[in-house]
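Would you mind keeping the following structure in view while I ask a few things?
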């Protein structure tokens, strides 16, 4: 999985890092080759203390890195994917789902928690790219809708940490329909006046970007993410265009007005806490 | 078994012969009648065992009536509105005012070309940010003037390119979805050719979604799915089958409301008849939707999209 | 007054044409030098039958060229400009207003009629560039608001033929406030679901373009008009930019998505009638 | 009579001397006190007979606190939001979330620079389509989240240029007006420097419009009016007088609600005090507006702008 590495703040580099297994106490950084103690890594927002490379984050690790310790309550609905098309490519879809479940410990590509960030309650949905590329199928769509409905009910801001390669191809048009579905409930969130903050992490692309992820009140991009609708290969094949070197980087997105701020991973929690503190008028003496 | 090439060759021969008879007055009526009978037989045979890959090729056939050809035949008048009021006018996604059964409405449609030159001008029906921004503008116009919205969908997908990404094509499609889903007027989408991915659903999230018989609607192109999932370009026919992109299949899944029958040989073999079918269906669905009170219309729309998807409750953690 | 001339459809040229006096039976075309019989000119949409140059149109002539004969009823409110600032440049403002009134036969830079176009009732407001450059002061702002309110009441489409150099400088910020004022009533028009068609004629610029004129449902540009926010001289002075040859032409506006259609003057009436016929669902058997 | 140059020279001398005393510890207290007394006298004299042209120069003085300097001192926290979601981020018109008296709000402000380099970066506070589109976006955000909107206006006008015209700067300003006038939340504008024409009113059509004492608000720059109406660049001072662009004059005309007093010498002579004045005024006006029911707020806004202007009924045709 290619992720971003910030070497002396000037060189930009993607490196392959194997997703970690929960039982490993020590992890080897694929960028500099050093062994890092997992606990230390967690304290350092999963950034290699030796070379600054960003380790890939599971949904669980991402949640832990963002919320106030001990505040998270898992509210992911107990839903699993059907196989409406009886889809078989090199593998049957149900098998892919089961494998991803085993690998990630998740039911599908998103985890939802109620938690606090800097003392401010939120409904937090975190997508996991390890689960079939973070693709949005029926379960992801439903989880996001349920999360937003929960945010409306509790009047807590909705925070989405996006990480997705796009639609869940194996569910066909039903997967495509998760775009209007999530947008519809985002409209309800807006009508209720509940804030929605999106965080784009590696990668935020395709149908997720072209629906729910692009419609936040406030949009942060984690440093090193990829943000774009179409894949670079598709673009090069279709248009024969030469892609600029910063194409679909977070800097490209910022330069083109697509995101409000680019945030280094280690600052993300504080940045969210600061925004939530401003919005939380009722608490701070309003 | 009849293959596509044989059929196409015969179709071309018949067309040519008909021209000779009709325009040049050649006395070939007997030969023509014979060939026409043979063509009909072949067509029946071919269309009886249509594979999904055949459907993909039919849906993309450049002889198929394009957006503007349908619009001009389906509606009583059409006045084109151009431009997104910011970037430019995108010829791949067009729209304007139109009239049906004496009532005004707003129509949006993808535009493909027939000749290579046209295809280039319309970018093969792939619209960019300006196109989807124009769509948002015309949707808002429809909402403001309380005019129903009709969309005719025929695109391989949104245009992928540096300029499109620089102008936030993804965010613009999201805006389209958001606007269309909130319109206080009836909306009907007809997938008339290719319904390709995000670029299609952006203007297809309607109260009613209809499909021409040989149109396709898919989350990804079969070629794309073949490359990504099968790691094999030649797996496209297999992918087409797996993706469930045909109109009958999508009707079975409850994703679309109605399959609009095409003439034998496909829409291009009788564009007038095809347009008449679309027209009649639009009249019926618009009349049904227009009779609903606004809150009912909106709650039905809400239900339709809120419950889209297929999943089940967990019976025991995996 | 520079207006546009279409010579063999390829050459683009602006020519000076003196505004006509109502008593002249014959007018000399400033483009080709030919004398033209006024009545014939009127029948030809004030386009020179010899060279195709567009003659400058007064508000009254514009109205006559657009509406069904005998259908126009003048509903311009009997309002005249005050001089809130006691403004004197090379001439006192009240004197300028009186001169313009004498010259144009109008009270201020806009005339409003109820009329029919192709049998479809409209409220039609036509600006007159001869009246202090068609500038929008308090009277123009009020007339446009009253016209829109009349359209709301009668549920007839509102048609604005814009021709303006911008704000009425002599009324200071009060003139600037006509921008929010007209936009506010345009909002009411929208809430009432009454259609609004704008026609940009020579020239549609400045504060009028940056408010009411840009917010129509449907926007037509007469061939040969100038459409832009800032004057070319201001732009060249401020930015030192070289202006493209088609800058701020109607073709530029069409190319940049600012207008729906460019219409030759002789087709304008039919074009409006066609749009009104489509919108007029109630009449045509709806 | 004191002129601007004399005053400015003395101001600079005092500043320099103060630096020497405070930083380098030089024993020049007596000289400083003397000069400071003299400066105060001169200031009093100068500011007592301020011409409108003097005000124009004051309003444009690059030493004046810029948008971000005010925002950081007026509000308790400020979180900048960037980008128009289509073109780019325009640094000449900025905005974000802020807090005042513990309550969240959305703030928009023009940004000018102090140094030449900054001035170029911020295009002298002249925003283009991306800036006004960002303003629309943040206005909509304020409406959605029910947050009051505050704008600090300081611009010579919208940016004039080919790119701005290509992206419909006029239409974008019109959108700004349309959005701001429809917001279901209290809106307060403060003209803190230059309120230049359409680029100013685009974010100044608020429920309350306040002005710093030496700010200006004008339909056209005095130089522009001089060129167009007097056909004479040197007539700018005369034009400034004629245009009625000073805060007291605009208060007399009922166009603004309140003149916020500046410290002697102007806002830049005591930015903290200036910010405190703005803050207190904002708190008062926001608290008044927030206590109104929404329909009352909107009907007051409607009256304010519907009745803007000065004209009379005709007594007899001319």
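As written, the chain order gives the labels A, B, C and D, with residue 1 at the start of each chain.
Keep this in mind: a residue touches a chain if its C-beta (ideal position, glycine included) is under 8 Å from a C-beta of that chain, and two chains touch if they have at least 3 such contacts.
Everything quoted here is computed from the prediction, not taken from an experiment.
Looking at chain A and chain D, the chains in contact with each of them are B. The remaining chains, with chain C left out and nothing else moved, touch as one piece. When each chain is reduced to the average of its Cα atoms, B sits farthest from chain D. Each chain gets a centre from the mean of its Cα atoms; for chain C and chain D, those two points are 33 Å apart.
Between chain B and chain D the centroid-to-centroid distance comes to 52 Å (mean Cα coordinates, whole Å). The geometric centre of chain B is 40 Å away from that of chain C, both derived from CA atoms. Residues of chain B in contact with two or more other chains: 85-87, 167-168, 171. Each of residues 214, 256-258 in chain C touches at least two other chains.
Pairwise, the chains that touch each other are A-B, A-D, B-C, B-D, C-D.
Listed in rising order, the residues of chain D touching chain B in the complex are 85-87, 129, 133, 167-168, 171-172.
Of all the residues in chain C, the ones that touch chain B in their complex are 190, 193, 195, 214, 217-218, 254-261, 274-275, 277-281, 284-286.
If you check the complex, the residues on chain C that touch chain D are 78-82, 84-85, 87-90, 98, 101-102, 107, 137-139, 141-142, 145, 167-181, 183-187, 206-207, 209-215, 228-231, 234-235, 238-239, 241, 243-244, 247-248, 252, 256-258. Put simply, chain B touches chain C in their complex at residues 77, 79-89, 96-99, 101-104, 130, 134, 141, 144-146. Taken in their complex, chain D has these residues touching chain C: 158, 160-162, 164-171, 173-175, 177-178, 181-182, 197-198, 200-202, 205, 217-220, 224-225, 228-231, 239, 242-245, 250, 253, 255, 302, 305-306, 308-314, 318.
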